[in-house]
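Note sheet for the following structure.
Note that the chains are named A, B, C, D and E in the order they appear, and that numbering of residues resets to 1 at the start of each chain.
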Amino acid sequence: MFLGRVIGEVWATRKVSDLEGHRLLVVEALDTGSGPPAPMVTPVVAADPLGAGVGEEVIVAFGKAARVACGGDGDFALEAAVVGIVDGHQLNAGESA
Amino acid sequence: MFLGRVIGEVWATRKVSDLEGHRLLVVEALDTGSGPPAPMVTPVVAADPLGAGVGEEVIVAFGKAARVACGGDGDFALEAAVVGIVDGHQLNAGESA
Amino acid sequence: MFLGRVIGEVWATRKVSDLEGHRLLVVEALDTGSGPPAPMVTPVVAADPLGAGVGEEVIVAFGKAARVACGGDGDFALEAAVVGIVDGHQLNAGESA
Amino acid sequence: MFLGRVIGEVWATRKVSDLEGHRLLVVEALDTGSGPPAPMVTPVVAADPLGAGVGEEVIVAFGKAARVACGGDGDFALEAAVVGIVDGHQLNAGESA
Amino acid sequence: MFLGRVIGEVWATRKVSDLEGHRLLVVEALDTGSGPPAPMVTPVVAADPLGAGVGEEVIVAFGKAARVACGGDGDFALEAAVVGIVDGHQLNAGESA
């Protein structure tokens, strides 16, 4: 799982039927490490069963965890989902948000 | 899942039988992040059950999600597939496409 | 699995029900390689069934391994967990901790 | 799945029994992206059920897909395999091979 | 799977019970590519059912493959394992070891 920020939304009319009815968010990883900045990584597209808004901090899970989060039985054409909307975090460098 | 652009197609006569009849696209990740450019990553080869064209923006899923998208029961020698063809996206920096 | 250090904790009130009752740690990878420093990678969010403290060195596992570690049966919306709290390591460059 | 080139072969006498009889190739990712060069990534070791030669372009799959490609039932100590030997590819920058 | 070198060992008294009795090695990826050096990646912690020594070249597998290699039935809190100890490799640049 990773800590990310919702930076937008994506729409697809032509899609596999399992994705019908799922909001698809674009989430970028937050670099909360203690060292020099990590290189940016390209954002992830995650289904959102929780109703996160753009700008919110979220926890994203992959694979079966994402399918379970979306109510699937595991046989589901989806492999990333928001599993939590973050209230706050406390990092050892003293940063809190 | 990630947001990518179809940059081409690949053909293989000698392949495992599960890949017969599947169009195989070469997809590169779109860097839609809000920060400095992410380092490029090498493209992915994805099966395409939806008929995406070169230049189109797509959502790619991995693992079991890809096998389900291609109609498999999970026991399938394939682990990346196009699961959506993107109509548009809205990113918080105001970019929309 | 990877060797990491716990750098903080994250809280989410709105989350999928499978995450209820799990402490969620932010863990960054330790660069124990013998060569030049590896680029930093963005930290991982891991469930913690062992009670690791901030600053402790831990082993993190992904996927089904993480679900098993947290007592799940595999159908669990969680894909990273602390599976060990490190007492020490011995690396061939002679570093030990 | 990714597009790679076979750069060599590796031998192991001491190995888990599931690997007996499998040729193990070293495959490096081809950087076919349209932008600036991607950073090199360290090569992958893949089982080869198809008989690819050194220098040939191949498609490599991971996880269950690889086990299925090698004739396993999924309970198999192997997680990368050549699933196709490439005849050619057409990329939108006009490059073809 | 990847080709790595054992650079050390890690000990954990507090760990999930599935890890009891498993030697845990720290393995770093070997950069055997033909191009410019790949950026270093942070090392992996892998269970070792084969008895590899520090300094030896090994093949590491992830996920279910690792659990099978360690004798598990798949429901096992472990996701990386040494599956082969390398006798030698031949790479197309003529390097052999």
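One rule holds for everything that comes next: a contact is a pair of C-beta atoms (placed from the backbone, for glycine too) under 8 Å apart; a residue touches a chain by one contact, two chains touch by 3 or more.
In this text the structure is predicted, and so the values were computed from the model without any measurement.
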item: Partner chains shared by subunit B and subunit D (touch criterion as defined above); value: none
item: Path length in steps (a step moves to a chain that is touched) from subunit A to subunit C; value: 1
item: Self-contact between copies subunit C and subunit E, residue sets same or different by half; value: different
item: Whole-Å separation of chain centres (CA-atom averages), subunit C against subunit D; value: 29
item: Chain centre separation in whole Å, for subunit B relative to subunit A (CA means); value: 18
item: Multi-chain contact residues (two or more partners), subunit A; value: 39, 41, 63-64, 74
item: Traversal of the chain ring from subunit B via subunit D; value: B, D, E, C, A
item: Parts of subunit E lying in touch with subunit D, wherever the complex brings them together; value: 1-3, 29-39, 41, 49-51, 59, 61-66, 68-69, 74, 81, 83-93
item: Residue ranges of subunit B touching subunit D (in the complex, touch as defined); value: 6-16, 18-19, 24, 26, 28, 39-46, 54-55, 63-64, 67, 74-80
